[in-house]
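Structures are listed in the sections that come next.
The same chain A turns up in both complexes below, where it pairs with chain B and then with chain C.
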Partner chain A sequence: METIAVFLCKCFGEIDTAVDFDFLTGELSNDPSVAVISTIDSLCLESGMAKIVSLIKETGSDRVLIAACSPLAKGGFVADSIAEAGIERHKIGLVDIREGCAWIHGDDPGGASRKARDLIHMGIASLQNGEMSDDMTVTVHPGALILGAGPAGLAAAVSLAETGFEVALLERSKDPGGMLRLISRCYPGDENASEKLDPYIKEIEKNPLITFYPQAKIMSMEGDTGDFTATFSSQGKDISIRSGVIIVATGAKIFFPAGLYGYGELKNVITQMELERQILNGSLETKNTVFIQCVGARDTKRPYCSTICCPISLKNASRIAGDVPGGSVFVLHRGIMTPGNTLEKYYRDTLSGGVQFIRFEEDNPPQIGGGDHVEYVEVFDAINGIKRTIEADLVVLSTPLVPNTDNVNLAKMLGVDVDSYGFFSEIYPMHPLETKTDGIFICGSARWPVSSDDAILQGKGAAIKAVSYLRQSEIAASTLSRVPGSKSGHARVVAESCTGCGNCVAACPFNACGLERMNSGFVSTVNMMRCKGCGNCVSVCPNGSIQIPEHNYRMVGEMIHMAFQGWEL
Partner chain B sequence: MNQPKILIFACKWCGLIGADAAGKRRASLPSRFRVIPVECASLVETDAILRALAGGIDGVAVLGCHMGGCRYNNANHTAVKRLELLQDLLDTTGIGRNRLLLSFGTAHEGYQFEELIQGFFDELTSLPPLDPWLSPFGVTR
Partner chain C sequence: MDASERDYESKKEIVLVIGGGVAGIGAALDLAGAGQTVHLVEESDHLGGQVSKLDKLYPTDHCAFCPLWTDIKRCMEHPLITVHTLSCVKELNKETAGSYSALLLHAPRYIDEKKCTFCGRCEQECAESAIHPGWEHLCPPSFVIDETLCTKCGNCARICPSGAIDLERAVEEIRLSVGDVIWATGFKEADISHLGEYGSGSHPDIMTSMEFEEWISEAGSNRGAVITRSNGTPPAHIAFIQCAGARDLRMIPSCSAVCCMHALKQAFWVKRRNRKIDCYIFYTDLRTVGRDYYRYSLREFEGADIKLVRGRPGLIHPLPDGNGIAVQFENTMTREREIRRFDMVVLNGNIQPSLIQHRPAHPAGTAAPRTDEEGFVVEESGNTSDCACGFGLQPADVPESVIQASAAAMRITGKRSNPG
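Coming up: the complex of A and B.
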């Protein structure tokens, strides 16, 4: 029979003023499974720890129960130190009798003593019934797969190659650069877009560690953290690539405002992107220009702010105001969004540069007038309360970025989530750029509309997060927890009693449960690399076939039974 | 006077931290409650709650993280749905939904934990004890 050594800590009077230790030792000595009961003044001091280790070795106890302060105080430290002396961590139990008992019931010594006894009995029950989860390791493939060669993807690829890892860079179109290729200059530094891209493009051409696959189309995605396999076609060839991590930088697309403000019907009503193209190839002809913000954004259908349209309008409005003498430039907006120190300065500079700003309300949008092309814009100035008619021969509509339509499919293949709009969702707010599957990162506008500077920053951030996986030669499933050392265990399936109902598959928040076809029917399986040990599957299983060994139903039952032992009614 | 017994399932990221903080600020609570730490509120099986009530425990509390703040990708959302169904079931059987306290995101801090548990004690004290209706299952485990 397994025996348990119980160590009680007095914490120099902090605990034994409320808890009667004579009563405790008397009660515990009746328990046949308790081999050693030892009371120590302070367990967390070196002398206390040495005494524990020597006593365990002397008596040959299998399991150790420490009744001291809470795991958040010194309890966890004591347990870890004893584990270092050669006792398996899952055979060490911790019971909190200081914060959870002596301190909180200081005015009721009798009740506190009884509670301490029950808590220790619950601890013994949990030690006796606790099991250890299986573990598995995966050999990490030291390479990264990056989807999308926009600024975010390029920055991630170059940063990863700099640290010495192989990178496969996939791009939907022919050339790298993403949306940055279509625009002339970037805000807020008014930097030339091609100058910004060039160093990255040169690097991916020159660096032997980076392989660029243009016109790539992903067909399937398999595997888990440390060893993914992606199958895709590139320029007519089918290619299969293994990688340790995946960085999703697929970007977003521009919303086309069909039917809004006469777009498509009136000549000279164009989108911001068409204006960029006209600036880029020098075909822009305008005298009086009107920009309209929030076209198709911040409404009931797309309630989010795309964050980049206001700065882009500022950039182009100040450019036109400077380049076209004698003309007027108006920006009709619903509140200019310029967060941060650089963008707000940009707004003030634009304001003093001759651009006029008029605020309108959502329910009273501007009206475009004219025959086959724009002649004037009517707007109700919400601040002055008057209607104004502005002469215009060019109207530029600022439209938001919207998620790519294939995001949902890609997310399903990768086993990650998209948010309610269709952008990839990260673990908000605690783990930016990380998805619910370890080893898959998101950056750039695939995550949320961002400027090119932010996309590059996020690409580098994702690369650094990826390195923390790639630098390991092997990854154990038990270490895949976002708070180091906090993982309790993995779900375990009892295949004999599993009916294959699929409740756990539906309930798992991490896509870890799956159904496998056996001779007798379906049986649930748990992918340990994805399981985080939350136990959602446990509580939906109709017959207890899936359990977390560290917290199984027998243990909980015993703990409930011991919770109020011998309680005087 | 009825002296209620309370069992608390506390998620180790929120409820347990609140319980710990309540101890640190030397809160004065009745000693008739026991805390079972769990990884996540979604790990609390409905069977365990029923077993506790059948075993003569007067009230069960499940403390988890606030909605949207779960460490396990919103696992607590499903826990809420499941446990609210259980509350309905407790009403149907005559035990009463007020014997199961669900609290998500309201026990982070010591004083919140203290208020919550003290309130639960006061509520249970006004209810008749569950013991007279103990089932044979509960007595003999």
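Coming up: the complex of A and C.
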């Protein structure tokens, strides 16, 4: 029979002044499962710890209950130290009799003692009935799959190859470069976009570790952290690739402002991307230019700021103001969004560079005037309180980035989330490049609209996250937790009683539960690489067929029973 | 080839991460995850930096402490990360390219956190009130001695049951040979009392936003109650002044990037704790560029009844009877001028990189990277062994700081895998 060693800590008088230790030892000595009860002055000091370890070895107890301070004070540290002496961590129980009993009930010593007794009994019940989850390991496939070869994907690919890992780089179009191929220069550094891309593109061409798959279309995605398998077509061929991690860098697309500000009807009302094209191929002809910000953004349909449109307008407005003598350049805006030092300076420089800014309010947007082409723009200047009419030969609409329409499908395939707008969701705030599925990372505008500089930064960031997975030869499911040592276990299914109702599948936020067809019907299965041990499935299971062994029904029931033992209900 | 035998494994040179805020923690964890040996230097007694002083985070309204605490714990427990708290970098000399010799100073930690049982007898015993609990979220918790108040009488050491206190401890010097450096020195609040119109320091209820955060924090001194500092009653009107000292060529030309959302968050939490309090936010441009930030701002003025006034007050001055603060402003959207009485004024935006004027973050430290005139670190192109991330590089909130940290970690790891 398994026996339990109980250690009571006096904490230099902090506990035994309120809690009666004689009463506790008396109550516990009647319990047949308790092999030894020992009272120690302070468990957390080295002398105390040494005494515990030697007593455990002497008595041959295989489970240990420590009644001392809160696990967040020294309790956790004591448990960890005993675990180092060779007792499995899940066979060590902690009961808080200092903060939870002696300190808070110091005015009622009898009550404090009884509470301590009940808590210790509950701790014993928990130790007796606790089980341990199964674990599994996955052999890591030391290569990465990167979806999208825009600046983010390229930076991630080159960085990963630099650290010696193989990369499969998938791109939906024919050439790498993404949206950066369509623009002339980048803000705020004013580098030539193609010059910025060139070193990356050269690297993916010459680095043998990187394989580029143009015109790729993903068909299916299987596997888990450490070993995913993606099936896709590239240039008409079907290809299947295994990878340890996946980096999503699929970017975003530009909102097309059909019907807004006469776009599509009036000549010379163009989008920012069309302006970029005209600058690139040298066909830009304008004298008086008006930029309109937040076209289709920060409204009820797209209630977000797309981050990059203000700086892009600054870039193009100051360029036109410099290049076109004698013309005027206006930016009509709802607040210029240039946070930080570099962008704010960019704004100041643009202000002094001859570009004029007029602020309008959301409910009173500018009006475009003209016949078949734009002649003037009327705007209510909210700051000066006057209506102004601006001559315009060219109106440039600043439209936001919107998520790719296939994000939802891709997210479903990968088992990650998209947010309410359709961009990929992150782990906020400390893990912005990670998703809820370990080993799948997001970067660039697939995550949230970003500039090319930030996309490259995020690509590199996603790469270092990937390295930490790829350099492990195998990954155990029990280690997949952001809080060290906190993963309380994985859900376990009792196949005999599972009715296959699917409640757990619907309740699992991590896509860990699934249904498998058996002879007798459907049975729930748990993917341990995805299960985080949250217990949502346990709470919706109608007959207790899915449980977390570390917190199983019998254990919790016994603990509740012990808590109310002797109570008249 | 076994993954653990990859090339960079053999390069055991230390990466020195200076600053233990979210950026430093992120960089250290990413570097260690990639197999690099990291020494993380933090001047205060715990990791977490400025974020550890925040009650809530925008736009989730979740506590700042949980996500931060888990990563602090990962840092403390990681075998490849050595954490130096209460420390500064005294010297950092470049020997050759990619090789520094660093001298760290460890201020004495008079109370050994490993031995302290947090019983609190020393705090009660100290006649000078020099002993106080450390960061409330630290696990295990421990007491700290304020050296400026301590008279070294030794009473605390005598009463400590676990022998955790040793007042004889001295400053410790540690020499390290360092391969690469990441500056993650973060921000500090700037004194704007010389900008007279903000009335900084003229009334106890004119606070900076970090002071106000602590003031209304659930873990802070008022346990989440919103009261005035002058008489301890709930204020009727609170003014949040944006860009106080920032976007101002006299002081900080930059936009501090985090303050708009920070003020919205604080105003919202004031409203949540006490709906009767009237909140005004005086802004220039409400910069809400991140995920869900704009929607967060919409919620503020639709549901929570927070008044947004575009304009920078021209004068903030205590009323002669001491009962309240006058704020004179022009609403630039309606062009109306007004003087309004407020009970509290929160100054927002006056945050600067800690390395301003090339002064290192810690008074005893002397090592400093190259900075621009505003104090932001200038990363030299081509020099990959000297990186920066977080607010010390450019104004950034938590996610941006962590992304920069990851990118800096990648730069160093990448370079180390490919020498030459």
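Keep this in mind: the second predicted complex is superposed on the first by the 562 of 569 C-alpha atoms of A that agree within 3 Å, B and C clash if a C-alpha of one lies under 4 Å from a C-alpha of the other, contacts with A are read in each partner's own complex, and residues count from 1 in each chain.
In the analysis below, a contact is a pair of C-beta atoms (placed from the backbone, for glycine too) under 8 Å apart; a residue touches a chain by one contact, two chains touch by 3 or more.
Given the structure is predicted, the values throughout are model-derived calculations rather than measurements.
**Q** For the combined arrangement obtained by superposing on chain A, do chain B and chain C clash, or do they fit?
**A** They fit: once the shared chain is superposed, the two partners occupy separate space.
**Q** In the overlay, answer first, second, both or neither for which of chain B and chain C A:P432 touches.
**A** Only chain C is touched by A:P432; chain B is not.
**Q** Touching A:Y553, do we find chain B (first), chain C (second), both, or neither?
**A** So A:Y553 only meets chain B here.
**Q** Using C-alpha centres in the superposed arrangement, which angle lies between chain B and chain C as seen from chain A, in steps of 10 degrees?
**A** 80
**Q** Check whether A:K196 is in contact with chain B, with chain C, with both or with neither, and answer first, second, both or neither.
**A** It touches nothing on chain B or chain C.
**Q** Is chain A touched at more residues by chain B or by chain C?
**A** When the residues of chain A touched by each partner are counted, C comes out ahead.
**Q** Does chain B (first) or chain C (second) touch A:S42, or do both, or does neither?
**A** After superposition on chain A, A:S42 lies in contact with chain C alone.
**Q** Should A:D96 be classified as contacting the first partner (chain B), the second (chain C), both, or neither?
**A** A:D96 contacts chain B only, not chain C.
**Q** After the superposition on A, what does A:L72 contact: first (chain B), second (chain C), both or neither?
**A** After superposition on chain A, A:L72 lies in contact with both partners, chain B and chain C.
**Q** What's the minimum Cα gap, in whole angstrom, linking chain B and chain C in the superposed view?
**A** Once the two complexes are overlaid, chain B and chain C approach no closer than 5 Å between C-alpha atoms.
**Q** Between chain B and chain C, which residues of chain A are contacted by each of them?
**A** 72-73, 430, 482-483
**Q** Using the touch rule from the top, collect the residues of chain C that touch chain A in their complex.
**A** Interface residues on the chain C side: 2-4, 6-8, 22, 25-26, 30-31, 33-35, 57, 60, 67-68, 70-71, 73-74, 77, 115, 117-119, 139-141, 161-162, 247, 253-255, 257, 285-295, 298, 332-335, 372, 374, 376, 394-400, 402-407, 409-411, 413-414, 417-418.
**Q** Under the definition above, what is the set of chain A residues touching chain C in their complex?
**A** Against chain C, the touching part of chain A is residues 11-14, 42, 44-45, 69, 72-74, 76-77, 140, 142, 159, 162-164, 298, 303-305, 307, 335-345, 348, 361, 382-383, 385, 419, 423, 426, 428-433, 448, 454, 457-458, 460-465, 467-468, 470-473, 482-484, 486.
**Q** If you look only at chain A, which of its residues touch chain B in the complex?
**A** On the chain A side, the touching residues are 70, 72-73, 96, 98-101, 103-108, 111-112, 114-115, 118-119, 122, 417, 427, 430, 436, 482-483, 488, 507, 509-510, 532-536, 538-540, 544, 548, 551, 553, 556-557, 559-561, 563-564, 567, 569.
**Q** Chain A touches which residues of chain B in the complex?
**A** Its residues touching chain A are 3, 5, 7, 17, 19-20, 22-24, 26-32, 34-36, 38-40, 42-48, 51-52, 55-57, 71-75, 78-79, 82, 131, 141.
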